[in-house]
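Per-chain residue numbering starts at 1, and chain names A, B and C are given in the order in which the chains are listed.
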Amino acid sequence: MNIQEIRDYLGQFFDSVELVGSAERFISGPAKIETAETGQVSFIANEKYARFLASTAASLVIVHRSVCVDEFIQRTSFLKVDDPYTAFVFILQKFATPRSIAAKGIASTAVIGEGVSIGEDVAIGEYAVIGDRCSIGSNCVIGAHTVLLHDVSLGEDTVLFPAVTCYDGTIVGKRVVIHSGSVIGADGFGFAPQKDGSYVKIPQMGIVEIGDDVEIGSNATIDRATLGRTVICRGAKIDNLVQVAHNCRIGEDTVIAAQAGISGSVTIGRQCMIGGQAGFAGHLELADRIQVAAQAGISKSFLQPGIALRGYPAQPMRDQLKHEAMLRNLGAMKEKLERLDAELKELKKK
Amino acid sequence: MNIQEIRDYLGQFFDSVELVGSAERFISGPAKIETAETGQVSFIANEKYARFLASTAASLVIVHRSVCVDEFIQRTSFLKVDDPYTAFVFILQKFATPRSIAAKGIASTAVIGEGVSIGEDVAIGEYAVIGDRCSIGSNCVIGAHTVLLHDVSLGEDTVLFPAVTCYDGTIVGKRVVIHSGSVIGADGFGFAPQKDGSYVKIPQMGIVEIGDDVEIGSNATIDRATLGRTVICRGAKIDNLVQVAHNCRIGEDTVIAAQAGISGSVTIGRQCMIGGQAGFAGHLELADRIQVAAQAGISKSFLQPGIALRGYPAQPMRDQLKHEAMLRNLGAMKEKLERLDAELKELKKK
Amino acid sequence: MNIQEIRDYLGQFFDSVELVGSAERFISGPAKIETAETGQVSFIANEKYARFLASTAASLVIVHRSVCVDEFIQRTSFLKVDDPYTAFVFILQKFATPRSIAAKGIASTAVIGEGVSIGEDVAIGEYAVIGDRCSIGSNCVIGAHTVLLHDVSLGEDTVLFPAVTCYDGTIVGKRVVIHSGSVIGADGFGFAPQKDGSYVKIPQMGIVEIGDDVEIGSNATIDRATLGRTVICRGAKIDNLVQVAHNCRIGEDTVIAAQAGISGSVTIGRQCMIGGQAGFAGHLELADRIQVAAQAGISKSFLQPGIALRGYPAQPMRDQLKHEAMLRNLGAMKEKLERLDAELKELKKK
């Protein structure tokens, strides 16, 4: 693909794509600015990386329209856009070769239950096991060794990588991606304590429902509801090793980073960002667009949209940063206290 | 099932089950009080939910015997018991349809090793792999794709969901449930540091032993002992993504919430409750009935039974809450310190 | 094996192996000093355990050459070395029976893609799925149900336990061990935020490269790079449930304990030790030989080799311990402050 073709391609997404330098160079693929070689396309979205403008061997660099690049155009061409980062993501998508997770069709070793409905153009991999009455939408890809128990439904264009497990009744939307090792719909952790200290299992009779355009990383666990549904809403993104307990509701376009843990019956709003290893106590609620720092411990509901939370127990960012500054200042407080003590003694002597 | 039948059923578990209202209504299944519809049974165990007494459409509600319900009996019947929460759990158990994890018998695609002993009425799913000399108790259910390496034994009525892995020598008791993706008996993390900075692997020659009535969530990891046994005692419940390292001993009826991590050679007593994401340093001991708060970091042994621990490093709840109150009070301390400083200066001037 | 044979065996590794007591006793295997029985070999590397010298039934105990054992030689023989712990590790290796993960050869149920190259003496287990153009080194062992997507290469003598998943393009070195349930090379967690609050997926076009002699525990996740490589260098050891995000580089002989989480583009030096549940913010760097305490939160780069870090946000150990001591002392500070306040009031009255 040459630079003119890339410019035309980006023109679909941006009002203005200004070319500076030659339109003719051939572009073989994308690379990071630090390691890009002749023939490759890269980007600069952050001033920190502007120093690479002079040294990069890249043949094309995507930059913000405000960046002056005139001195570099002999070796490098530039496309100027509003949002070079997103432009580069589109370029990555253009060059990405579709990954072959399973061959089109149904592998001869796959086991398909009774009453299964299968859409057009699916790919079902080796040793996949599809339970009775499952429904597989058109263009779905199911990796080798993935297991769907009974009554699971997958919307169109959904991709399950190898070795995903969906328990019975799980509902998965369209264009969902679930990575290997994730377990969707296992029993919630519910046990009723008895007088003798033992526990009686609370049957977990609900299901998990996953909306359209959700992506779930590897080895995550999303438990079914006790009654009703655990819901991952449209567009949410859930990273590796995340735990979502029974009866949670994760809002649209909310992002949860790796190893975060959401206890039972938590409701998280839309467009929230949850940091890695953050933890939530049960039965609480977060409003929309809340940001939770990594390793934070959320112990109560926060109902004001758009705030940032941090610390353990977590509190609004401003309060927490003030608190942390005070903690860093403890040594000075201690010294002042000792000085006052000495001065007071001195004064009393007199 | 009608209300009289539900009353008779609960009579097995409770000394007194008092009916208020009609015994005739037909009950189709359980539901949460907020969403229950006509024909459904629900419960109220918490005053917070008492406001739903007036509005619920449920045909039957289980309440504590002290609750006055006379004004609601036209639409709703009530069963009054000592412990409505547990009563509802028994009702859930009554209505729960047995989940079909694998069909009765041995799937034709399962691979069974040499010298395997298999009890009556087992269900072994598609592509399960059972190593040599394994022993499978009667009524066991082994999901699709579950792998037992050699010399694994499962007691009667044990259920392994799909894609569980048990390493060689693992001993599993009766009525145990292990959810998908959990790995039992992998090598402990043991490496001996060498002078050149590299490591020599310490062979992990022990096993894992899991007692009766244990339940283990999905994607948990329980490592084999270096020598001897890692033991999960009878009745313990272990949630998703929990790590139990080599040579640990988890006491009877102890509950460990999701993502907690127990380092090597830790001994936890009976009936303890370990919060989510809590972490334990190695080689320490917890007495019986200790409660550990979520995200706590246990850095030493606590040998007094029944205490509650919290914080990092964790300390008894009372001390920790006092400490946290003091932390919240830091701003006031700082102000007071500044006031004293000013007053002292004033005084010295005089 | 008798004691003389064990002495000769250890002589390969140590300059001096002094025998005290009989050389003739037959040794059946290793055991912990607390539980060792007649015929077994154990060790004492720590003074704490010296009390067992008088009571152990072990027929052979490995001790440091400085330990005086003359009074115990009637029942027990001793081998004195520089490093009894490492000596015992070598003895464990001697007695460890090779674990049978998969039978030699290629199981008839394994699915081998096109253009796969397979070395000599491999063992490929039941239902393993090997993608097109994979390369399997000699003496590799691939457990049942392990899946390699296309273009994966494994060096010689590498062992993948059952149910490992390697995504396309993963490069694995020689003598690597990966335990069950781990997922290598899944997509990094990269999504570009859009103006409407939704996300566009950033194609993850890089790979994972794992060096020689690496060991990875069970249910760990190591994500592929967005562009380029996520690299686990030679000799690194990674425990269960650890998350390594896209574009990280983990140095040689670095050890990462269970449930630690390393965010994207983090570089960790050689011979570091990362505690369990520690977390790293993205795009930062750690020098060589740094020790990170369990549950620490690393929020910035630390470039001084050999330091120890602790706390949240983590700081050098000395600063953090001083800080923690100050926190423990808060009560005393508060009392002193109140005393000064009272004294000052008293003084002002006069």
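Everything below uses one rule, namely that a contact is a pair of C-beta atoms (placed from the backbone, for glycine too) under 8 Å apart; a residue touches a chain by one contact, two chains touch by 3 or more.
Quick caveat, the model's predicted, so the values are computed rather than measured.
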| item | value |
| --- | --- |
| Subunit C against subunit B, contact positions shared by both copies (same if over half, else different) | different |
| C-alpha-based rotation, subunit A on subunit B, 0 to 180 degrees, nearest 5 | 120 |
| Between subunit C and subunit B, distance of the C-alpha-averaged centres to the nearest whole Å | 27 |
| Sequence positions of subunit C contacting 2 or more other chains | 127, 145, 163, 181, 219, 241, 259, 277, 312, 327, 330, 333, 337, 340, 344, 347 |
| Residues of subunit A defined as touching subunit B within the complex | 111, 127, 129, 131-132, 145, 147, 149-150, 163, 165, 167-168, 181-183, 186-187, 189, 191-192, 194, 197-203, 205, 219-221, 223, 226-228, 241, 243, 245, 259, 261, 263, 277, 279, 281, 297, 312, 322-323, 326-327, 329-330, 333, 336-337, 340, 343-344, 347 |
| Residues of subunit B that touch subunit A when the two form their complex | 30-32, 35, 85-86, 89-90, 92-93, 95-96, 99-101, 109, 125-127, 143-145, 161-163, 177, 179-181, 213, 215, 217-219, 235, 237, 239-241, 252-253, 255, 257-259, 270-271, 276-277, 289, 294-295, 312, 327, 330-331, 333-334, 337, 340-341, 344, 347-348 |
